[in-house]
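Shared between the two complexes below is subunit A, which pairs with subunit B and subunit C, respectively.
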Partner chain A sequence: MGDVGLGRGNVVLEQKFSVESIRAFLKSKTSYDVLPVSYRLIVLDTSLLVKKSLNVLLQNNIVSAPLWDAKTSRFAGLLTSSDFINVIQYYFSNPDKFELVDKLQLDGLKEIERAIGVEPIDTASIHPARPLYEACIKMMNSTSRRIPLIDQDEDTHREIVVSVLTQYRILKFVALNCRETHLLRRPIGELNIVTEKEVASCRMTTPVIDVIQLLSQGNVASIPIVDDEGHLINVYEAVDVLGLIKGGIYNDLSLSVGEALMRRSDDFEGVYTCTKNDKLSTIMDHIRKSRVHRFFVVDEDGKLTGVLTLSDILRYILLGETGS
Partner chain B sequence: MNGSAAVSSSGTGSSSERHHRHHHHRHHHHGQGNGHSQQNLLADGSHIGNYQIVKTLGEGSFGKVKLAYHITTGQKVALKIINKKVLAKSDMQGRIEREISYLRLLRHPHIIKLYDVIKSKDEIIMVIEYAGNELFDYIVQRDKMSEEEARRFFQQIISAVEYCHRHKIVHRDLKPENLLLDEHLNVKIADFGLSNIMTDGNFLKTSCGSPNYAAPEVISGKLYAGPEVDVWSSGVILYVMLCRRLPFDDESIPVLFKNISNGVYTLPKFLSEGAAGLIKRMLIVNPLNRISILEIMQDDWFKVGLPTYLIPPELKQQEQEQQQQQEQHDDGTKNNSEEIDDELVTALSKTMGYDRDEIYESLESRDRTSVLNEIREAYMLIKENKSLIKDLKSDRDRSDELDTFLAQSPPTFQQRGDQNLPPVPPLQLQSSPQQHQPNVSRKIATQQRAYNVAPFNDTNNEEDSTISILPTSLPQIHRANMLAQGLPAASKISPLVNKKSKTRWHFGIRSRSYPLDVMGEIYIALKNLGAQWAKPSEEDLWTIRVRWKYDVGQNHNERIPDLMKMVIQLFQIETNNYLVDFKFDGWESSSGEVAHNPNLSEDEMSTFSAYPFLHLTTRLIMELAVNSQGG
Partner chain C sequence: MNPSIIQLLLQHDEIVVKHGHSEYSPVVLITTNKKQGKERIRDKESKTNGRMDNNVTYSLSQMNLDPPTLGRRKSTLIFDDEEEMGYTNHQEHSKSMDSDSSSSTESLRTGMCPVEITWQQGGNKVYVTGSFTGWRKMIGLVPVPDQPGLLHAKLQLPIGTHRFRFIVDNELRFSDYLPTATDQMGNFVNYLEIGRGQKDTLSARSRIAMEIENEPDDIGNGFTRFKEEIPLKPQVEYTQDIPAVFTDPSVMEQYYLTLDQQQHNHQNMAWLTPPTLPPHLEDVPLNSYNGIQGDSNNENNSGALPIPNHVVLNHLATSSIKHNTLCVASIVRYKRKYVTQILYAPLQ
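Right, the complex of A and B next:
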């Protein structure tokens, strides 16, 4: 397969071939195929207090959980870090409502979200037997970057939350199972998949509440932190919000983002950087090996030029290379 | 438990969740305990390794403490038995064991020595120096302690604390129980370094609810507890020695907390100006304004009669430099690099199990990877141990004490070193402009100790990859950078520790009540909830078959089964200990129509959604809890 040095043209062809075969692979598999033989699923009842749900997430080292409404006996959406961001913003603009925030139950999030005018809790879902490709398309259109798998039992027609698929899990599944990812050798700079303009960034001294606002306004999962010259220093992630407000302490909102990041657990693996010359083959390799969610694109001096997220990669695999 | 439910992917689950709190009973760790151990392995009179267990000395917050003696030498030791279950982050067992090995290198005449670590399947047994008395018993027995006598104890305490801080270990729990005395009236501090390792870092819970020695930032629940907290506690200890009472004491805990937080206490008139001044600077509420350990060591009242061996190398170095500057102005350029001591390398490879080449590599390279740093730190530690002994020896008027320190030394590598001291390598002093530099870098190095670099070497022949991890984004480096900027607030923020969930999973619920009473409770609860049950048969009084309307007010389709069936059964686990098990048993339709197949197999049962079952079981358990509280 193109071992002979036929040069660039060959690389381009192989890339196209590779994307097409990955796409065919996604169409041939179901979400169910992605599930491991045994796994753990944590589902939260909607009558649980928001602050308790935060502890459950942190204790179990997870960042989201499907919700269950026992009154209707139905799946009630996905709790994610953006819900906590909404609560923070609500509290920040209505500090007098502390009581309310403290006693807020998960089923009360809707009102908060209505009050600050953001999208309500994500309720998109898919049946586990549908093609994986379909799950990916549906996931791309949802804000939470993940999709719950919901089944129904045959006799009582009641819903069963089977699992939640994330972009990371799907891309890792692809990286593990598709040898064709090795043929993705075009530099990412050529593919027009890197978000370059409109990457919101902040400084180490920016108040964390402003950064949280940037996350929510841009509907992004991370905000890069740069210095005066534009060198990338660190990144604030939406999931960092969980640690920030642990224990219901909202006082910490006056901190700078640099201070807020001092709460990050020592287990944090670090921010991944790459350049526009890197290839998806190596990127997929990293996805296979470590829990990486995005790559920040820097130039030779370490200045931030863009970001490549898992959504960008997934979108490219699903919809890219369709032209001539 | 209301609301949070978890299911395994297999779907069926007749389990309910219960939270278990660990109750720790903290006694004096050298007090009398009731020495009955359930494990034969650790019973009195039995052997562990080379130690014969004599009796239980007490129970610490991390487990039992036993008195034992070394079989061949007869040396008394204490065995601190740590149940692995109380270790923080059980998934980081390896790291914790390394930490304990690190503690083993701590050598200071006024710190209880960790001689050895014995690991068994469920326990980590720390073989520690035995000291029979408590400083505070001594204080209480005496009418009044002179300032001279108190100062001697205080100097020993501060020197030990400084030594540990220098090696990045904060005690965090200095209090009377941890201050022991040997037969020569030397202080020995116990439990250094343990607060870092153990899950149970919660002071208020573990110290008998007596926070008298805890710093304001500790009781106010600030996550950060740095070296400043040990200064505060030492200040309280000094106060107690001099005044024979606590500076902060009140029967009402809220009042006590308020006094500590506001730093409200009184100094008796009889205190000398020097002692009072020092206490005042140690008991400053704002940790940033509080005197540091090194500043204490330079305090005039403190320095009176201070033995040389208690002066940390840093201060000694300063003094020597001053002297040198006075004596000779220029002595040519000094060699900054030190020679590596072969003896130390051997010792290090023996205690920590490092490869010799690895040690040389770590000492020679400037590489900042975690493993190399760890080795370098360990080397520095044992190097200091040696120079400490040298100081002790040169302190002629203290040669008596020296014997006692050395006599206490254990059958480990150190003893060998102690008995026939190899020539101590000449300490090459660094010139003063560079003096602070190594300290800073060493600090960063320690923070990296826990960090493991992601395995990147095996990125298959992708030489052109430019993917990397941004160093400044690593939490340890970020924190060091923030602290280097000297932001006052920054020092108070500490990283989130992902504690392992303390939730344990059980089948059903447990009860110690009389079995018929338990059954009665269940029937009452079922009745209150509107469930129906079949009359139990004579042969099987302990099984209840329940039918319960699952009304979610939504499905009006009559063909959808709406009655959930459940089997509730009482089991005996052991004498006076029963278990109520809840089991899902399929669905029925209230229209009289039986769901198509009344005899479902386990497999088919698991195709049903588990949530309605979990929901109803939760309601039943909550009802049972309410009833039992009422009764």
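Right, the complex of A and C next:
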């Protein structure tokens, strides 16, 4: 009994130590430090048509891009899948406005936001020379789950978009380069980081427009799809809407979510599940190996009980384990 | 590059010499001189007088952003471990490094530069391993005399960018005192850029030429070395104003008519064919970016590219205009790293 208690105590202590050393590591490095020596960055001019920008994203296999306002020579926020979700919702409630939607420019997205009454795009950014930890905190608080790195040109004092960091990139970086992640051996069920209540879900037959509304209302990046017994069978992701309206076609909004999934590209990473007894070290292992953005928590029968998102993990690493 | 500079160039779209080619955009003689934030334009002669001026460069046409076509030659700019295997045992060279003159000739001959790598973050057994050993061999570090806690290894490394990590008491570490970056797999590594700027890679021929230069002119028996008269360089004038030939269509027409007359009917309308691209610009990192993302997707989520050759920096590249969307790209330095920025903008 005493031995078991001691072993458990060690696991708890090691977990705390691990989180603290990862945090120290993130504080010791800047965002600039973790950039590759050479990398690409795709920037979209705000006068580009929304439907053209969708093609650019799909063509480059990216889901988000920083915007550049050529008139003011300034960074103008990030284009993400939620912008396309806004446009879909706007068009769905204003079917007579096809002409407007078809000719919509990226700088017109603000009007769409206003029209449907959603939060405006957050234009939070951070200087690349600030500690990575600070960038992570800012990223965690942003709705886009990303943080643009913005600097100033030395000569012209104009803004430069240096890069964009994502939650996945940071967590993969931690999983790859912090040995201490192996010490994260407490079951995730103990850590109070799994969202269990109010996890919105849908059925295969649910109209895709309803699922899109769920994504928007809950400000979440995915909606799990379950069968009649509550078994997890698939997921609809916010990024799936890019494929849905590819080519500027908004006719398919009457599809069921199951039919809409047929448009998903073949390199879909799959749905990742875990149980409450899994350790964060195992979770981090999977983040290192695969492009996974969330883990659905299921019970022994495969029934959905909760979700563990990258935000949840990041929040725990940045702010968790601070009590005694 | 600051997108505003790209923008600046876009504003001067009208100076693009329109050629009849559909596939190849014309070679536009615009340079992006970052210091002045202005473009310089020179005429075609700048190419023939053979100067590789960093400020005077050719814009690169047809950067293909589509998935690479089959049979494309492998880029010479790819950051390849295999090409960096020129590592030699540091002990062998420790002697030559002491005498200055021999080491500089040595490095000139072999293209190797003496590099000292140090470690000051504790540990007993410290090794360094990196792209220069193919990440296989480990090179031991030895204590620096009279400097407790400081270990070092002297290496001979080829010019280029090298990634490495330290193995400290069997643990993989990186130094907090050297530049860091993530590689294409996402691993955090130290890196060093060697020789850029000071020691340009010399071809074998020019190296021999340089050695001959250094020998005395008097070669004995009353003979002196024959020296070719160096022809005077044509006077080239730099300007920040766009010459009228690019802005005024009538001047432009006159210019081309004159060109045609000077060609003695040999190559009529020769100006219709854009000049060939300098070979360095044929291989740009963007073209080697794997368009087939399926496999590399997860490994390369930071958009990591091969290290660009410095001669491709500050060029404006463009792809052919499709669907009324203009796509321009430029590789610039950001501190000690390289950003390849691609800007998509509608064609006004």
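The rule is short, and it goes like this: the second predicted complex is superposed on the first by the 318 of 324 C-alpha atoms of A that agree within 3 Å, B and C clash if a C-alpha of one lies under 4 Å from a C-alpha of the other, contacts with A are read in each partner's own complex, and residues count from 1 in each chain.
The rule is short, and it goes like this: contacts are C-beta pairs under 8 Å (C-beta built on N, C-alpha and C of every residue); 3 or more make two chains touch, one makes a residue touch a chain.
Predicted model only: the values in this text are computed from it and were never measured.
Model built by superposing both complexes on subunit A: subunit B and subunit C clash. When the two structures are aligned on the shared chain, A:115 is found in touch with neither subunit B nor subunit C. With both structures placed on the common chain, the touch criterion links A:124 to neither subunit B nor subunit C. Contacts of A:28 after superposition: subunit C is touched, whereas subunit B is not reached.
When subunit B and subunit C are set side by side, the one touching more residues of subunit A is B.
Residue contacts after overlaying the shared chain place A:282 against subunit B, while subunit C stays out of touching range. By the touch criterion defined above, A:318 lies against neither subunit B nor subunit C after alignment on the C-alpha atoms of chain A.
Looking at the shared chain after the overlay, A:173 reaches subunit C, while subunit B stays out of its contact range.
Contact with neither subunit B nor subunit C is seen for A:200 once the two complexes are overlaid on the shared chain. By the document's definition of touching, neither partner reaches A:140: not subunit B, not subunit C. Of the two partner chains, neither subunit B nor subunit C is touched by A:100. Overlaying the two complexes on chain A leaves one subunit C stretch of 152-160, 242-250 or 260-268 clashing with subunit B, which is 242-250. For the contact definition in use here, the residues of subunit A common to its subunit B contact set and its subunit C contact set are 35, 38-45, 47-48, 52-53, 56, 59-61, 68, 70, 73, 153, 155-156, 158-163, 266-267, 269, 289-290.
Contacts from subunit C toward subunit A in the complex involve residues 2-4, 7, 10, 34-35, 37, 65, 79, 161, 163, 171, 176, 180-188, 191, 285-286, 289, 293-294, 297-298, 301-308, 323-325, 331, 334-346.
Residues 35, 38-48, 52-53, 56, 58-61, 68, 70-74, 152-163, 232-235, 243, 246, 255-256, 258-275, 277-278, 281-283, 285-286, 289-290, 295-296 of subunit A are the ones that touch subunit B when the two sit in their complex. The residues of subunit B lying in touch with subunit A in their complex are 2-9, 11, 450-451, 454-455, 459-460, 462, 464-476, 478-479, 482, 487, 489-490, 493-503, 550, 552-555, 557, 560-561, 587, 595-596, 607-612, 615. Every residue of subunit A that touches subunit C in the complex is listed here, in rising order: 28-29, 32-45, 47-49, 52-53, 55-56, 59-61, 68, 70, 73, 151, 153, 155-156, 158-163, 166, 168-169, 172-173, 176-177, 179, 266-267, 269, 289-291.
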